[in-house]
Every structure is written in C-alpha cells, then in structure tokens.
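Several structures are given next for inspection.
Here come two complexes built around subunit A, the first alongside subunit B, the second alongside subunit C.
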Partner chain A sequence: MSDTQEIMLVDAEQQQAGESQDLKNYVASVDAPIALKYIAAGRIAQSVVSVLVREISEQRLSNVFDICAVGNYLVEEECGKIFKNVEEKGVANPTCVDVNNCIWGYSPVERENAYVLTNGDIAKISLGVHIDGYSSLVTHTLVVLPTVPVLEQTAPTTGVVADVVCATHLATEAVVTLLGTTLQHAGTPSGFFGARKVNGLRIKEVVENVAKAFKVKILPGSQVRRIKRFLVGQDTVHEVDVKGYAWGALSIEEATDDPEEGDLKKLIDSEAAPELGEAWVVDLAMCSFSGLQADLNPRNEFQVSRRTIKPHRALKPTIFTRDYSKSLSMKLKSARGVLTEIDNRKSVFPFHLSALETEGAPLGVAALVKMGILSPATVFTVQGAPGTPVSSRTRTTVLLAPSVKYGGELVRLSGGEIAPSWVHSEYEITDAEILELLDEKRAGVRVRNIGAVELEVPALEGEEEDAAMEIE
Partner chain B sequence: MPSKNSINKPKLAVKQSRKSMTGQKRATKRIAADNFKSRGIIKADSVMHSRALSRKQERKNKRNSRYMAQHGIVVEENGDVVMKIDEAKDIVGISRTQLKKEERQRLFSVDKVAGIEDVLIEMDIASSGAGTTLGGPPAAVVAAQAAAAAQ
Partner chain C sequence: MATTAAAAAAASAAEAVLYTCNSCAVGFPTADLQRRHMKTDWHRYNLKRRVATLPPISAEIFAERVLQQMDVTRQNEERASYLSVCRACGNKRFTSAGAYENHISSARHRENAKRAEENRAAGGEGEEEETGSSSSAAAAGSSNVPQIAKDSLAGSALTVADAERETSFKALSFRETRVGGGKKTLRRNHIGPDAAADTESTVSSSSSAAQKRPARKPQAPPKEEEEEESFDAEDEDEDIDAIIARKLKNAVKLPVTACIFCSAANFADVNANVNHMRKDHGFYIPEQDYLVDLEGLITYLSEKVSIGNACLYCAFIGRNLNSVRDHMIAKRHCTIPYDTEDDRMELSDFYDFSSSYPEGYEGSGDDEWDDVSGDEAEAAEEEGEGAGKTVATAAATESTLFLDPSGYELSLPLAGLRIGHRSLARYYRQSLRPTPELREGQSTVIAANSRPTIGAAVTYDPVRDRATKKLWKDQRTKKNQDIRREMRYINQQKHFRDPMLGG
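Up next, the complex of A and B:
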C-alpha cells in the first residue's frame, strides 16, 4: 500500500470518528433515542426540584443536610427505574442548597452542623441528572416565607431580594426565547429577530441589559453554553469547540492567570451560533451591588469583581470531580480504596463525599485532592462592603430539537414549570428588544416544557425516631 | 517433561471416572440428596422414567404451569390441551410489560405544547410603570383568603 493510500485511509477513519462523535451529540428529533435520554433526565430533575421546593415551602424540610439527602436519594431512585441497560446514569450534580450570599457548593455531610432554613432566606436549590451522559441541570431560587401564621404573607417580598430574583428569572426567560429564535427558518415570520445573528455576544448583551434594568450585577461563573454528552463544564475537563458566553471563571485555578476573566472565557467561542440538534444550559447568577466601584470588574461594569467572591472560611468542600487526566499510585490504603471506587462507580460528573462507601473515605479523598486527582468544589460566597450582598441563581437546560412540522422546537428540559417566588421589584424592563423576547407570542417561539411527576418523599431518620417516640 | 509411560503420570482411567461425574449423573445425585434431606420422596414429572429434572427445567415447568393457570389452559386426561376462559385467573393489576410501558410514557413523553397564550399567563410579568411582580401568593394564603372572604 502506498503512502498516499495510507494517508487517505487514515483521513477517512478520522472523518468517520468525527462524524460518530457528532452523532452522539446531535438530537435528530424529539423522539430520537438521545432526546429520550435528555427528556428522561430533565423529567427527573424537574420532579425532584418540584418536590424539594414544595417540602421547603410547606416547612416539612428545613435542614439543608436533609434537603440534599432527599434530593440525591430521589435522583438515584428514579434513575434506577429506567434504562436498565445503561450503566452510567444518576447524579450529574449533587444537590446543593446555597443560602443567601453563598453562591456555589454547599451540601453538608453532617446533620448536626448543617444550616437550617429560616424565614426570609434565599435558597438556591441546584441539582443535575444524567442518563448515559446526557444531562439536565437545574437551579431554582426560592424565597423562604413563613407559613404560620398564613396571613402574614399578604404581600410579596420586596427590596434587593426581589430585584435579584426578578433579574435572574427574566434574564433566563429572555435567553431561552433568544435561543428559540434560532429555530426560525425561511418562510417563518421572524421579523425583528431575523435581523441580527444570535450568538454568545448577543446573549451577553441581553443578560447585561436585564441586570442593568434591575440595578444588579452578574456573578463570575455565570454562563450560557452548549453542553454535550458527559461535558457540562466540569473544571477537570478542557473542552474544545464550546459555544456560548461565560462571565469570568469561578474556580481559583482558572482565575490564577487572569483574576478577572479567567481561562474559561478564552475557551468559549462567543461568535458561534446555536444550531439545531444541540443542548444548551443557561446558568445565570446575579447579586445586589454595594455601590463601591472597587467591587466591579474593571473590564465589565455589569459584572462584579472576582475579588468579591471568596471561599467560605469554615465550610470545607464536600463535592469532588475526578480528573481522569491524572493517574498516580497512592501510598495510603484509604486513598487507593477511594480511587478504585471512584473509577469503578463514578463518572466524569461531580459526586458527593457521602456517596462514597469506602472505609475512611474522607482521609482518602483528602490525599487524592492533595495529589490533584480529585478537584474539590469550593464553597464560594459573595462578599462586599458595606453589608452582605444578596444573590440569586437560575439554571435551565434546553434542547433545540428539529421538527418536521415546525422546523424546530425548543424543549425546555428543566426549570420551565416551577413558578418563581412571589416578589415585587420597583424596577422594570424598558428595553424594547428584551420586552419582545419576554413576550413569547410575538417572538413566535414554540416552547415545550417538561413537567414534573409526583414523587414519594422518603421518611428521614429523625422523623422515624419521632414517630416511634409518639407511639410509645 | 515426563514421558507418556511415566509412572508418575495419572492414568487415563482416573480422568475418565472423574469426567463421567457430569451432567445427568450430577443432577440425579443432587436431587436425590435434596429429597433425602426434605421428605424422602423422589420428585419426578408425570411420566414415569428414571430422568431427574434439572433446576432449570423445574423453573421452566413452574413458569409454564403459572402461565397456564393464568390463561385457563388445561391439559385433559386424554392429553388434549384446551383453553377454558372461565377458569382463567383475574390478573391482578397490570402486567409488567404494560407497567414498563406506562413508566416509560410517564418519564419520556414530551408534554403537550403549551399554548402561546398559556405561556404568557405563566410568565405573569406586569410591566406597567409600577415595577415588576413575579409569581403569586402561596396556595395556603389563597385558601386562607378565600375562607376569610366566604365568612
């Protein structure tokens, strides 16, 4: 065989490999096998969040440890019922409840020292589900209100809390509609939206305009990006061809080189347009602004500085991600045990410390973190002077599915049908473009929401003991 | 390596006797041992012969008899197989296949497209110069207010 023939064969193999890789990330229709996995993951995520929101609202769950435990249990339980032949499925993001100025990663391992939600708290419930790597992520912001006496709630929550909740909710809705406008085809009256191309920069513009209207700032780590099979923006994976926009980086490692922008922004292609068959995640976090110029990012006036985000002093990380690029032989027995368990049972997705069954897991995990094999999710808080800022976060996953009848449909996998908390902000959106985006009738976007199903909440250990005591 | 005729080499007869302890013999021995432990009665199928049933065949027979009972299939004395619908047991609940189908449907089906008007109502944004309101009062408040109004 000549050299030329060999090169041609290699090229053909590479091309085939590339095509098969794309096919695994391309949703051909709403009924395609990949779409079914996305939808099943979205259904479970949406159902679990709905259950948690209901239980917290009715004050049946208030300890953050309980909330996280119930969330993780329900996800594992529901995933076990479906796709029996799929090995890799379950938690794509352990349940976290970030309260008030905490913005990421709070999921305690002990009940005794865990935070207990009280009236007026802003709880950001985050979780993720994946089936065969096709994941659906969701975050819902809930303002905890008193239930007794009931008549105390005759008015909505106002002030900065209402401002940040309104801003994140409306910005998310606007971006979802904006992504939906990319589904418009020739012959469909797209009007206003057909004039400008939708890409990361336009998404940035829309989100920043909403933040400006409500006088709040965007937190670093917010991002609107395409997700792929097994790839949802983990710190341990360096992806290529990522579309969307990210407001700075959240992890310390990424922010080392450039404290304000981080490497994340450089990796994301902001000029690429969303296309049919792709899945996107809209993850927006905003906070109230103290008014000090020093707290702002010098390169972007709508974003707070990386300096305002600090790791929590007392809370240690409880969520970890395996860095599969590193493989070392460990001396410590518990570290070896933990590593074997992770390699056998876990995936590239983050996992909770309590999900490990190896004896002496915390010790082993600490050793693995030290060697860089595990990447910890630091518990971050936003701090500013004077006073503590209030933060809100909304995350939703959408699927841009081709449709024979309509050309394309936007399937909102998670975060679609949960009503926002009852809030009233004194500010409102005046920008014509955003108002048009929020008015889905004028945009002509077809949105399919994946609804929640009723799930049975497991009895907690404490509750069982209480019930036993009552009987005695 | 020792030669074929080495005195240290095990003879063929030994191997053969070991190998012969397979299949039917092993099953017979096991079942006989089981029966001895339990009631001392040799289990056998309806036809009299010396064959002992393997565990797999026993499972299959059990499954078949269950299926026959459920569907009212009866083997008559002359050996004819007859289906008697009146004797079929009521299958409690739903079959596993149907249950699986319903479970799949519940989790996989995409909800009906919300009407565009519905979506507008869901969003519930009031922008009339008086600020922005999201959501609404909790269900408990609505119920309490309705009760108060009724009184």
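Up next, the complex of A and C:
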C-alpha cells in the first residue's frame, strides 16, 4: 500500500477537519471540498458493501430483507457521523439484492416472504450513498456458496455463471482504466488511448469486445455515464447533457429497441470525452445467452432485446423516486402526508417504502404513483426462451480528480478493492488493447482505490463486532 | 378666411346648397369650403354660442367684435404699465391715468382727503397720496387681484347677463373660466370674520359716496350695469366696491346656532346645530378627532354661504342666501369638500394634527423638507392624514418612515407596521399558500429536468383557448359540409337502362 493511498484512507472526519498536511496537498485543487464529499460517500459505500459481502459469505446474513435492512441502516448511521453541517446526505440508492435472473430493484418490505439466499445463487448487491448530493453508487456481484466459506473454497465456480461474472468484472475494470486515460498518463497524450480518442463510443466498443469474448450479452439499461451532484440518472429526471454511452436507453423503464420510439437515446452524448473533475458511473449488466436469435437486439448483436426484460410477476415495486416535475394537490390524507414527508425529509434520490414514517404510507404511495408523482422502480427479470438466463451486474463510481502532485488521478470511489468471487471461465480475452487496460500497469493510469473501513453490524442475530474503526 | 367663407356661402346661396354648417347657419357648394369653414375662429365662436344655446352671429358682427377685442387688449396692455394708488381712499389702486384723474376730481375723494387731513392733524402723522408707475410685473399682479375679486362677487350678475349684450366673445370664455375658479378666488380673498370687517370698513365710505351720486350706478339693474361696464377701466373699481357693499348690506348674518342649509335656527348650541345638519342634510365634518375649533369652522362656513352666497361644494355663486341654499339642497352639496390639498388647506386653521405626528417629529429639522419627492408627498397624502402638514411629517421623519420604491407601501416606525395603498387592498386580503422552500437537491433536479413541468404551471390562455375552439368548430363545419355534399350526389347517378330492352 503506497503512501498516497494511505492519505486517501484517512478517516473522513479527519479529512473534513483538514488536519493532515498531505491531505492538504492533495485537496489543494479547485474541487477539493467536492472531492472530499465524493470520497466520504465512496468510503461509506465501500465499507457497507464489504460488510454485507462478508456477512453473506460467512453465512450470518441470508434473508434478503435482513441484508437490505442492514445495508440501509449502516448507510444512514455512517452518514450521520460525518459532515454534520450538511443537511442532505444518506441513501442515494436503497440496498437491493437481486438474485439470479433478477436484475434490478428487489428490496422486500416483509421478512416473511423475502427471498433467502441459497447455494449457487448470483446475488447482486446494490447500494448508493450521497453526501450533499455527491454520490457513490456501487453494485457487487457475489456468487453465494453458503456451504463453503470463501477462504476454504477449493475450486472456482465455472460454467455460465463464471462467464457472466468474469465478463462484467473485466469489462468494468477495462472501462475504468479507459476513463483514466483522460487524465495525464504514461505514454499516450491525455484523452487518448492507443491512437484513438476516448469517448462513449470507445467505451461501448471495449465493453462489447469483452462481452463477445465471454459469449455473454449486454443487458439494456447498462450505461457508462457522467454523474453530477444530485443527478445520478434517476428515472424522473430527463437530463439533456449526459456524456457516455447507454445500451438501450438511459433507464430500463424507457428502454426500447426502436430508435424512433426512444427519443431518450438522443439525450446521451456518445461523442463527448470525459474531462478532469468529472464523476462517472460504470454500470454494466450482462446475462448468459441462450442462442436464440430472437432474443437479440436487431441493431446490436451484443445486446439482448428489450423483450427479454420483464417485470417480475409477483414482486411489487418498493423503491420510489419523487418526480419533481409534477406537483398536484392530493385528496387522500396519507398521500398528502407521504408527499410532505418526501419533500421535507427525503431527497431527490430513490427511497425505500419502509423508510417512510407516515401512517398508511403504502396507500398514499399507491395514490401518488397513480398520479405519476412518484415513479416506482419495477423489479425486472431477464427471461429467455429456453431456460432462465443468468445475469451479473457491476457498478462502480470513479472520480477524475485533479491532483497537485500527479496532475490528476483516477479515484475509484466504490467498487475497487472488493475481490470478485472465485470463478473460472473457459473463455479468455485475446484483444491486446483490452489486455493492456487490464494488466497490472493499467496502461499507465494512476488509480486510487477507496478502501473500506470496518463497520459495526447491528445485532440482528446476536452477533458482536468490534466497534473500532480501523484503516484497512 | 372667415369672410371669404361667408362670401362664398352667400354667393352660392342661390345655387343648390349641398354642405351646410348648422352652427353658423351657412351653406357651402363644396365639401372643401365647408371643411375650411370648420377651422375658422368664427365657426368656433358660434359653436360656443350654440353650446350656451345662443343664436349664431354673422361673420360681419364677428369681425367687429374681434376688432373691439383687439382694442381692449391694447388698452389692457397700456393699463398694465400704469399704477397709481390713492392712500386717502383706503389705498385705492388705479391702473390708468384717466381713472386716477377722474378719481382725484371726484367728490368722494375730496371728502376722504379732507377726513384724512383731519386725522393726520389729530395723529400727527402725515400721509400723502402716492403715485408711481411700478414694474409691469407688479402692476399685472395688482391689477389682477381686484378683477378676480370683482368677478367672484359679481358672478351672479354675470351669469344671468344676457349674452346677446356681451361686448366680446373673448369675454365670454374668460368669464367662464373665472366662474369656474370662483371658489378658489373667494377663498383667497378670505371672507372670514376679520376680512369681512375690513371690507366693511373700506367699503362703507364708497357706499356713502355712491349714495351721494345715485346717477352713477349701484341702483342700476345688473343687466345694464353689465352692458355699461364693458371693459371701461374707469368705472370698474367703483362697481366692485358697490357690489361688495351691496352684498354686505344684504347679507344675513347667521349665528353659529343657525343651520347653514335651511331656515332652522335657535339651536341650543353648536353641537345641536351640527347634529341637525348631519341628520337632516347629511352634513359631515371630516377628521373630527383632530378638529379643535368647531365654532370657528361653522362660523366660517356659514359666512361663506350667507355673505359670499357661495356653495360649499362647487363653484356656484348664488344671487342671495336663499338661492344658494336651494342650490345646495337640490344638488346635495351640503358637504365640505375634502379631497384635494387645497380643500384641506382651506380648513387647516380649525384643525390640529400634531397629536398624530410620530414621536421625535419635533426634534428633526426641516432640512429634509427639500428632499421630498412628489411621490412621497402624494403617498403620505393618500394615508388620509389630512392637512398638508402630513407632507411635512413624512418629510421630517424620513429616517423612520420608509416608503417603498413603488410608492405603494409605507413602513411605520411603530412595531414595524406597514401600511399598504388602499388600491391594493384586494391583494393584501388574500391568504396565499406559502411557497414551498426548495432544498438544494430539489431545485437542482428541477433545473436539470428537460421535461415540461406538469401541474405546477398550468395556465389558462384565453387567446389560445379561443383559437383551439375555433379550430374544432372549423373542422366540424368542414366535416358536415363534406357529408352534405356527399349526400347530395349520392343519388345523382344516372339510372342505367339497357338500350337493347327498348322503351
């Protein structure tokens, strides 16, 4: 661990006080306070995800309801400890655990009917943290092997599961490095990788090459895009100047195969290059492919059709986002109460139904959804004609931070340093460019991973953890 | 031009007269001539006469009058540069040499001079008559005052005078304007208790002189007086004196316990009288809280009516007390005008608004007086504070009183009160929902959203609405038209008959 990395791992509170001289050197840039908030959010996200991964691997948490509850609790708890003068902070994305072919939005409200993880499941743990609107989103794919503790695992998981996990992980790493080439890096001039410019289309090419190598398909809704303060791609906000690339459309809800139909496609600018000081989210989801041509997107053979993604039949949405473009006065009392609570206490980010304290909140929420004031996050699953496909998803947030010392460095706010599950795919990447992006040197790009800190898990099952916060 | 028009009109009288002027009772052969006629002074004069329901005058008479009027103007100008004062006869002013010489030789002057001589001998103080010509400006001012005074008092006589006998049409318009300002001039002359006494003393001598020369004029009926008067400067001042004297002599002195508007009298006190006037005549005294001299106010008003024979509310001057009373009751003018600054200033002697001034008013100097802009003064006036002193109040306490730049809101120093203009009362009465304060995230998201906001700003645009409805209607009409057309032609197809079948 390098000395620079240690600086990054100083406790967020300490960072806020600005005591460390090295830290001062680091943050002596225009966006220093903003970078601090991003890093603080990233650290919390990292910490919570690693706690959850560990708890699941060590078989202490298996019920999805518990996982989500612990995740949300920890995020709120940790956010409460830092940046006391910042009002808006907390959950940027409620904890979801999507299992197997489920790809987005499963976060049950009842413990009784919630899914319990079993051997061989692919669980995608998603969460997001924001401090003053500066958010870090993370999704980690975990192959659950409850019977075998991770460290005693003797053989890797193989097969289709290994293919999708490998593909998403490697594609994400490659894209992260590619984004880093925007900054000053060894060899080629900044903004270029190889002889070509880095932009949304280049990212698309890299991702699709990885997917092709592992014979998996990209799911609609995957995106690599720039995020801004308070704007992380909520369904309710239609931004106009979004950089990056999105497969399908900006959101799964709006995704369509027909370019004429989906005007939103035009909203993302694939030509624009990433710039210093921006934060980007790399959100890639892939699934196994049955081989049926009809399941493919007619315009992009590396992407499955929108028709393969269907809302879950039984699961109702539990995550909602307020649509601030609509304001109507509601007749139902609980609806009015919910609306007031959201406007006063919740922010512009998605929130979980259980986070509402208003009496009769579900009823009010239903009324608000009907009026379009709340936008529900539908639980989506991938459906294939012969058999159920397996899906994997990796999401990571990076900050193209300006740095005095190095003229800019890529800070991987979340998603780095958490080891993927041990899998072994029979395929491998042969493309030299992508291999260069993935190797140890990372094509000369300086990458800093924000590490996790140890968190105290709330005593759900009578377990005691060490409360000490220590640097990893 | 007038003459040419008239000549043209006369020449074309025999021909078919197509265009006429009803005001001047002339005809014109062409529209152009008629149009030119409409621009002439003659036509305008006749139009004024027509408004006054008088018959039109011919172009020749009009030309004569114009010449006459030019003479008068010239005389006035000459007179304006001359001023002489006779001290013996109560500082009597003469604006022409002839009038002064006439006056010196008059019996009245001789008598006055003799009396003055005696007084001087008794008091040991000499007073000689002074004659001198002053600057034209001063002369103009001094010559104006008695003229207006005369006019206001002799207004009734002028009003009833037959306009046929008028000497010039300019005099007509002049009289109109002066009668309009009658109330104002009356006030300026101030027929208060003191002033009335003064006038009486000065006029008493003239009236006695008039009695000695009965042939001169006071007994002459108003019509002839008017006719004779014309613009002869020599007799003018004597006329005024005579009128004032007559007025004062005929005046019925009303006590404070007598009603101003009717013959009811002998009330127990002023309050009873005011009560009666309020109940029976709707007479309302404004700003009663600040009224300090009720008796003085009533005395002033009753003198205005009884001596000046002037209506309280409008510029009407009655012939006598009864006529002005009839006027006030018939027109419901039994009220004190209190709308304008002048009206308030007229009565300000009887009021004391000092109790309404904010604290510290006395302390602050008058330095800020000059800074008061028109708006501020106006706004302060709008607060209903009454007399012009309010303006001074607002100015003097400018530091504590703050007027909104728009001029519609005034902040008071007391407990941070704010006074709004009454024209905006409907907006102050609204109880609007407070605008929700957006948090940073919310405003960011709203600003970033490219979709049109629904529900927040659904506005009704009547123009667009009408356009839409018209479009629908047009479409409907078109559709119906098409259907009708189709129906008409649907059975017009020729019946097919096979020629082989014959018949």
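Keep this in mind: the second predicted complex is superposed on the first by the 396 of 472 C-alpha atoms of A that agree within 3 Å, B and C clash if a C-alpha of one lies under 4 Å from a C-alpha of the other, contacts with A are read in each partner's own complex, and residues count from 1 in each chain.
As a convention for this text, a contact is a pair of C-beta atoms (placed from the backbone, for glycine too) under 8 Å apart; a residue touches a chain by one contact, two chains touch by 3 or more.
Being a predicted model, the structure only gives us computed values, none of them experimental.
J.: Go through the superposed model and pick first if A:328 touches only subunit B, second if only subunit C, both, or neither.
T.: In the superposed model, A:328 contacts subunit C only, not subunit B.
J.: In the superposed arrangement, does A:348 touch subunit B (first), subunit C (second), both or neither?
T.: In the superposition, A:348 contacts subunit C only.
J.: Touch test for A:336: subunit B only (first), subunit C only (second), both, or neither?
T.: Neither: A:336 stays clear of subunit B and subunit C.
J.: Using the superposition on chain A described above, determine whether A:453 touches subunit B (first), subunit C (second), both, or neither.
T.: After superposing on A, A:453 lies in contact with subunit B but is clear of subunit C.
J.: Between subunit B (first) and subunit C (second), which does A:238 come into contact with in this model arrangement: first, second, both, or neither?
T.: The second partner, subunit C, only.
J.: In the superposed arrangement, does A:215 touch subunit B (first), subunit C (second), both or neither?
T.: Neither partner.
J.: On subunit A, which partner touches more residues: subunit B or subunit C?
T.: Of subunit B and subunit C, B contacts more residues of subunit A.
J.: For the complex, give me every residue of subunit A touching subunit B.
T.: 30, 36, 39-40, 43-44, 57-58, 78, 81-82, 145, 147, 150-151, 153-154, 156, 162, 165-166, 169-170, 173, 214, 409, 411, 417, 419-429, 435, 438-441, 446-451, 453
J.: Could you please specify the touching residues of subunit A with respect to subunit C in the complex?
T.: Listed in rising order, the residues are 87-88, 132-133, 228-231, 234, 236-240, 267, 324-328, 343, 347-349, 372.
J.: Going by the contact rule set out above, which residues of subunit B touch subunit A in the complex?
T.: Residue positions touching the partner: 103-104, 106-111, 113-114, 116-117, 119-120, 122-123, 125, 127, 129-138, 140-141, 144-145, 148.
J.: Write out the stretch or stretches of subunit C touching subunit A in their complex.
T.: Result: residues 436, 439-442, 444-446, 448-456 of subunit C touch subunit A.
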